[in-house]
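Two complexes come next, and they have one chain in common, subunit A, joined by subunit B in the first and subunit C in the second.
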Partner chain A sequence: MNWVRQRLDVIAPFAIAIGLFLITAAVIPGYGNLTSIRSLLLLSSLLGIASAGQTLTIIMGGIDLSVPAVIGLACVAFAVAYGEGVSPWVIGPIVIVAGIVVGAVNGLISRSLRVNSLIVTLATATIIYGAIWAQTKGDNRGSVPDGLTDFVSVIGWTGPIPLPGSVILWGALVLVFVILERRSVLGRWSYASGANPGAAELARIPSLVLWTVVFAISGGLSAVAGILLAGFSSAANPQVGDAYLFTTLSAVVIGGTPIIGGRGSYARTIAGCFIITELTMLLIGLGLDEAAQQVSLGILIIVLVAIYGRETHVRMQI
Partner chain B sequence: MTLRSMLRGAALMVGVAGILGFGVGAAYAADEPTKAEQEQALSNVPAKARAYYDHYWYNAPVGPNPYANWNPPAPPWQFCLNDSMLGTSWRTDLLNELKKLNAQYHAAGLTKEDVLTTDSNNNISVQLTQFNNLSRQGCNVIVSTPSNPTGLCAGMKDAMEHGVLSITVQSPVNCPYAMNVGSNQYYGGRELADWVGKALHGKGNVLILSGVPGISTTIGLEAGSKAALAKYPGIKIVGTVYGFWNEATSKTEMVKWLATHPQKLDGIVSYGDMAVAADEALAQSGRPPVMQADGTNECAYIAYWHEKKLHTLAFLAGGGSNGYEAFYVAMKMLNGAKPMTNMVWFPLPALNDASAEKLYKAWPGITPTSTCWADEPDHHLVADAYINTFFKGGKPIEPKPKP
Partner chain C sequence: MSEIAVEETAPAAPAVTPLVAFRGLRRNFGETIALADCSFDIVPGEIHALVGENGSGKSTLIKILSGILAESGGELIWDGKVTRIADPRAAQQAGIATVFQETLVLDQLSVRDNVVLGLDRLFRRVQSTADETRVVREALDTIGMGALDPDMPLGALSLAQRQGVTIARALLRPWRLLVLDESTSALDVDARDRLFEALRRFRGEGRSILFVSHRMDEILDIADRSTVLRSGRSVATVTRADTTTNRLLELMSTHEEAQAAEGAVPTAPQRAVGAAVVTAKSVEIVAGSGPFDLAVRAGEIVGIAGLEGHGQVAFIEAVAGLRNPAQGAVETDRGVVTSFLNAARAGIAYLPRERKTQGIFAPLSVLDNLTISALGRFSRLGLLAEARRRAEGMRLIAQSHVTTPGLAAPVAALSGGNQQKVFLGRLLALTPRVLVLNDPMRGVDLGAKQDIYKILEQFASAGGAVMLLSTELAELCLLCDRVAVFHNRSLFAVIERQALNEQALIAAMFGQTAAARGAG
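Let's turn to the complex of A and B:
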C-alpha cells in the first residue's frame, strides 16, 4: 500500500487512462470496436508526437510555445513544395532540419540572453507566422503524397500490423525518449537543470548546449508532427497546429510532469495524451455540445491536476 | 503529499471549477425583435430582396442608410483594406480583387495608385488601431472584415464623422456606422439543410458540421439549418461537430464523433471548407459517403466532388467575388447614389451537380488539395441590377468595372 501511495503520481494517470477507456466502452455502444480503438490510437499518436519535445523542454525548466507555429510552417512548406513537384524524401528532411534550426535558435536565445523561453518562443511563433504569410500571401496551394495520407489514416496498415504508421512511429519515439531520459547524459542534465538551474551550472552542466539541443529536439519533432498533419488534413494550412498549443501543454501536465520542471517523464505524457483524447471522445459520445465539452474538459483537467499534480518542486524538497 | 490531501484538493477544485463552469456555460440567445420591429427594419429593404433577410437578427440589425448626411469626396479616391487576418486564400482573393478594380479606376484617374492594406492577425484591438490609422492616412473608403461585430464601432463612428466610408464584407457590425455587404447566414444554413432533407426524402440521421462555436455566423447558420430540418419529421439531427473551418480540426472531430457514434449516418450539413475532411473521415472509419451539402466553392471541394462523383449543393462565396460586390457598393456611393439600408444582402448563387461540373472544367488543374476558390470568371455573385435596387439617385458608374 505504501508503494502505491508513494507512486500515486505515476500510477494515477495510467489508471485514469485505462479507467476512462473502460467507462467510455461501457457507456457508448460500439466504442470498443477495432475502428474506434484505431481512431483513439491515431489521434493520440499525433498529439503524442507533438508533445514529445514539449515534455523534455518542460522537464528542463523551459516551455515551447512555438510548437503550433513550427507545425504550421512544416505543414505548409511540405505540402506546397510537394505540390510543386519536389520529392517528399527531399522536402521532408529539409522541413525537419528547419524545425531543428528554429528550436535551436529558441534555446540559444533563451539561455544566452537569460530571457524566459515563454517570451522567446512566443516571439519566434509570431515571426514564423509572419514569414509564412510573407512567402505565400495566404495562397497555400499544395498537395501531399498518398503514402503520407495512408501513414496517418485510421484504417492504415504498417506491413502486417493493422495500425497506421503514425502509431508505430509514436511507439518507436516512446522507446527513444525513455532511453534518452533515463540512460543518456542529456536526460540527466535536463532533470538537473529543471530541478535547480543554478546548481546545475555549478555542477558544470553546459546549460547553453543543453538548452539548444533540447529545444532543437522540440522543433524537429514539431516539424514531424506538421508533416503528419499535412497528410492527415491533405492540405497546406498554417493554422493546422493551433489546437496543439493547449493540448500539448495539457498532455504534459495531466500526465503528471510539473510545469516548473525537474521531474516527470515522457512516459507520463503518453498517459496524458490518452486521457485528453479519451475525454474528448467520451464527451462527444455523450452528445455534449462544444461549450459543455470545453467546460467539462477544463473542470476535469483541474481535478486531475489537483489529485496528483501538486507536488512541491524538487528544489524545495531538499 | 498524502492521499488525503490529494483528495481534499480535488474536492476543492471541483467546487471552484463547478462555479466557473456554471458561469461560462450560459447559453447564447439572439434577441428576436417584435413583429413591428421586424417590419420597421425590413421597410428599408427593397421588397424583392426581403426574402433573403429571413431571421436577419442572427447576423446584425438591419436599419436605415447610415450615410444619409454623407457627401462623397471628389476623386481621386483612396481605397483601403482593413483586414482582420490576411492568412487565407479567401482573404487574398478579396485583396487581389480590390487591387484589380482599383487599378482600372486609377487608369481612369478616379482612384489613387494602390490599396492601403492592414492585417491584425485576428486581434480586434490591433485592428481598431489600424482602422483609425487608415482613417487618418487619407483613406476615402475602408473595406473591412471585422473579427468582432462591435470592436470597430468606435473607429467607424470616428471615420464617419471625418467623411470616410466604411464597408464590411461578410462580417456585419452591430452599429449604425458602416455599410454591410454580404449574405444572410440564416438563409444559407436553411437552404443547405433543406437540400439535405430533400435529398434524403425526409428520412434519416443528419449531422451538422459547423464552424467556430458561439460566433454570429455559426449561430445564424445552425439556426437556419435546424429550422429547415424541423420540417422533416423523419429527419433526426444526431449531433453537431465544430470543425473551425479547418481541414485538420474538422477531420479530427469527425473521426472522434464517428468512433463514438456507431449508428447509421445519412447526411451532413457542413458550412464550407470542411466537407472533404468529413468525407475522408467517413471513408477512414469504414463508412460509406453520405449526402453532404457543403456551403462554399473551394477548389478542393469542387475537385473532390468531381472525382468521387457525389451529389452536391454548394454556394459561390469566394473572397474575390465578395470583393467585387463591396467595391461596386462603394463606387455607387462615391458616385452619389444613396442606399436605402445599412445591410446590402444578396442570395449566394447555388451550385448543383451540373454547375459544379461546369465550374470544375473552368478551373483546369484543381485537385482535392487545392486551396483556391473557384469563382465565376466575372466575379459576380449577383447581377449589378440587383445591387442597384438598394440605391436611389447618383450618377452611372463610369467606366464600368471589368471582370
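Let's turn to the complex of A and C:
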C-alpha cells in the first residue's frame, strides 16, 4: 500500500489511460474492436512523436512553442516539393535537417542571450508561419507518396505486423528516449539543468551545448511529425500542426512532468498522449461537435492537471 | 555578567522607564537558534550600540524589533507595556524606524520617490510634489546630502548616496527609536560626521537610537552604552566610561564552542606543505581598496575570514574565476585565472555558499548529484557506463562519509548535513588540486561538521590545497594552518597557526592590529 502511495503520481496517468479506455469501450459500441484500437495507436503515435522533444525541453527547464510551426513547415515543404517531382528520399532528410536547425537556433538564442525560451520559440514560430505564407501565398497544392500515406494509415501494415509504420516508429522512439533520459550524459544534464539552473552552471554543465542539442532534437522530431501529418492529410497544409501546441504541452503535463522541469519522463508523456487521444475519441463518439470537444477537453485537462499539481506540491516541500 | 547602570555618562536619568526593554528574547529557525537569550534596555535619549560578530544575533533582534520576524519566546517591552510587533506597519506606528543593512531602494524611481516611499496612500498622494521636495531636502541635509537632486533616479547614485537615501527615508517618519543596522558602512567620513551630529541632536530631544556598527571607532565615538551579543546571548551592557576596544573584543569572543568540537578531530595536523598552487598577485578587490598578495600551497588549509561585506567572498569568487579582481591576478601554474571554466581546468573546485539554490539538484538521485560534474569520465559516445559510475558513487559516499539509504535515493530525502557532504563529494569526484569552499559548515549539524573536517584533513594530507571561508571562528582556529583576515575589502592580516585564536581573529576582523590593541 505504501509502495503504491509513494508511486501514485507515476501510476495515476497509466491507470487513467486504461480506465478511460474501458469507460469508452463500455459507452461507445464498437470502440473495443481492432480498428479503433489501431486508430487510437496511430493518433497517439503522431502526438507521441511530436511530444517527445517537448518532453525533453520541459525537463531541461525550457519550453518549445515552435512545435506546430515546424510541423506546418515540414508538411508544406515536403508536400509541395514532392508535388513538383522531388524524390521523397531527398526532400525528407532536407526537411528534417531544417527542423533540427530551427531547434538549434531556438536553443542557442535562448541560452546565449538568456531570453526565456517561451518568447524565443514563439517568435520563431511567428517567423516560420510568415515565411510559409510569403512563399506559398496560401496556395498550398502538393501531394504525398503512397508509401507515406500507408505509413500513417489506420489499416496500414508494417511487414507482418498489423500496425502502421508510424506506430512502430513511435515504439522505437520510446526505446531511444528511455535510454537517452536514463543512460546518457545528455539526459542526466537535462534533468540537472531543469532541477536547478543556477547549480547547473556551477556544476560545470555546458548549458549552451545542452540547450542547443535538446532544442535541435525537438525541432527534428517536430519535422518528422510534420512529414507524417502530410501523409495523414495528403496535402500541404501549414495549419496541420496547430492543435499540437496545446496537445503536446498537455500530454507532457498530464503525464506528470512538471512544467518547471527537473523531473518527469517521456514514459509519462506516453500515458499523457493516450489520455488525450482517448478523450478526443470519446468526445467524438459521444457526438460532440468540435467546439464542444474543445471545451470539454480543456476542462478535463484542468481537472487532471489539478490532481497532479497537488502531487508535485507535496513533494516539493521536502 | 550583570548590567551596569547608566550614570553621569549618559544624559538620560537612570530612573526613567526604558523606551524599549528586551527580557530573555529568543528566536529559532527550526533547530537553529539565532537568538538564545537577549536582555537589555534602551532609555529615552540614549544612543545604544549593539555589538557582536557575524551570526551573533544582531540582525535577528533588529528584525524582531521592526516587525519582520516574530520572537519565539521572551518579552519585548515597548514604552512600559509587553508588546508583540506584528508587522513592519505596527513598528512604524509605534515609532520605530529602521534603516537596514541592505540598501533597500528602487533604482528606477527618483531620490524623492524613494525617500517618501510608503508615506503615500495607494491612490492618493499625501503631499504635493513641492512639499515633498522640501521635506526630502531637509531630511537629506541632516546627513549632509542636501545638494542631492531629488529628481535623480536612484540607479545613478553611488552606494554612499543610496545609503543616505535610506537613512533620510527613516528620518521622515515620526520616530521615537531609530535603528541603524550598519547603515554607516558605506557613508564617507563627512556624511558620517554629519549623521552623528544629527544623532546627538536627536538624543538631546529625548529620542533614542539603536546603533549597529562593526567599526570600533564609531562605537567609541557615539555610543552612550553598548550591549555585546555573543552566539545569540546578550553577554554584557557596558557604559561609555567602561567601553574600550579591548573590552568589547574580549566580550565578543568565546572559547567554549572550539573546545567542544576539538575532541573529535585529529589535533595538530602534521602535513607536508608543498609548492604554491594558487597565488594572488597584487589583487585589488575593488578599485582603490588596496592590493595584496596571498599564496596557498599544496597540503595547506588556509582560512578566509572577515566581517560580512569586507571583500573575502569577492576574493574567493575571484579565485574560482567567477569574477575578475579590479587589479592584479590570481595565478596557478597553468596560467592566470580568467573564467570559471579556466579555473576548473587548473584544478580549482568551488563550493558555493547557497546549497539549495547553487548546489543541490533536489529531485535527482544521490548518484547523479555526486557524479554530475564528472559524467565524461563514465561515458562513451555520450552513453553512461552505469557500473563504473555506481562504483565511483560508492567510493565517493565512503570518502565523504555520506549516510544515505542508497545511490538511487533522491538527495532531497537526506539531511542538510548529508546533502552538504554529497555536494562536497561532487567536487572530490573532479579530483581537484584546490578546494575553494564558501562557508561549507553553514547550517550543518555537528556530526556532519566533523565529517567535513575529516574530509578536508584527508584532502590536505593527500597534497590538496584548501581555501576555507568560514563565519565560524572556532572552526577556523581548529582546522587552519593560517587564516587570512579581510578588512575594508583588502587582506588585513594573515594569522599563523601558533598565533591563531578567536580573539586575534575578531580583532583583525574589526581592523585592530595587535599594537593598536595594546595601546587601546
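For the reader, a short list of remarks on this structure follows.
Going forward, the second predicted complex is superposed on the first by the 304 of 318 C-alpha atoms of A that agree within 3 Å, B and C clash if a C-alpha of one lies under 4 Å from a C-alpha of the other, contacts with A are read in each partner's own complex, and residues count from 1 in each chain.
Keep in mind that, in the parts below, contacts are C-beta pairs under 8 Å (C-beta built on N, C-alpha and C of every residue); 3 or more make two chains touch, one makes a residue touch a chain.
Everything numeric here is computed off the predicted structure, so don't read it as measured data.
The superposition on subunit A brings subunit B alongside subunit C with room for both. Of the two partner chains, subunit C is the only one touched by A:262; subunit B is not.
Of the two partner chains placed by the overlay, only subunit B lies in contact with A:285; subunit C stays clear of it.
In the overlay built on the shared chain, the residue A:36 is in contact with subunit B alone; subunit C does not reach it.
In the superposed model, A:188 makes contact with subunit C only, not with subunit B.
Of the two partner chains, neither subunit B nor subunit C is touched by A:170. In the superposition on chain A, A:211 makes contact with neither subunit B nor subunit C.
By the touch criterion defined above, A:79 lies against subunit B but remains apart from subunit C after alignment on the C-alpha atoms of chain A. On the chain A superposition, the C-alpha centres give an angle at subunit A of 120° between subunit B and subunit C, rounded to a multiple of 10. Once the two complexes are overlaid on the shared chain, A:196 sits against subunit C while remaining clear of subunit B. In the superposition on chain A, the chain among subunit B and subunit C reaching more residues of subunit A is B.
Our summary of the superposed model lists a minimum C-alpha distance of 14 Å between subunit B and subunit C. Across the complex, subunit B meets subunit A through its residues 1-3, 6-7, 9-10, 12-14, 16-18, 20-21, 24-25, 27, 86-89, 91-92, 119, 121, 213-214, 239-242, 246-249, 251-253, 255-262, 276-277, 280-281, 284-286, 300, 367-372. For subunit C in complex with subunit A, the residues that touch the partner chain are 340-341, 344, 350, 352, 357-364, 368, 372-373, 375-376, 379, 382-384, 386, 410, 412-413, 426, 430.
Across the interface of their complex, subunit C is touched by residues 179, 183-186, 188-189, 191-192, 195-196, 198-205, 262-263, 315, 318 of subunit A. Of all residues in subunit A, only 5, 8, 24, 28-31, 33, 35-36, 39-40, 42-43, 79, 83, 129, 132-133, 137-144, 153-155, 229, 232-240, 242-243, 277, 280-282, 284-285, 287, 289-292, 295-296, 298-299, 302-303, 305-308, 310-312 touch subunit B in the complex they form.
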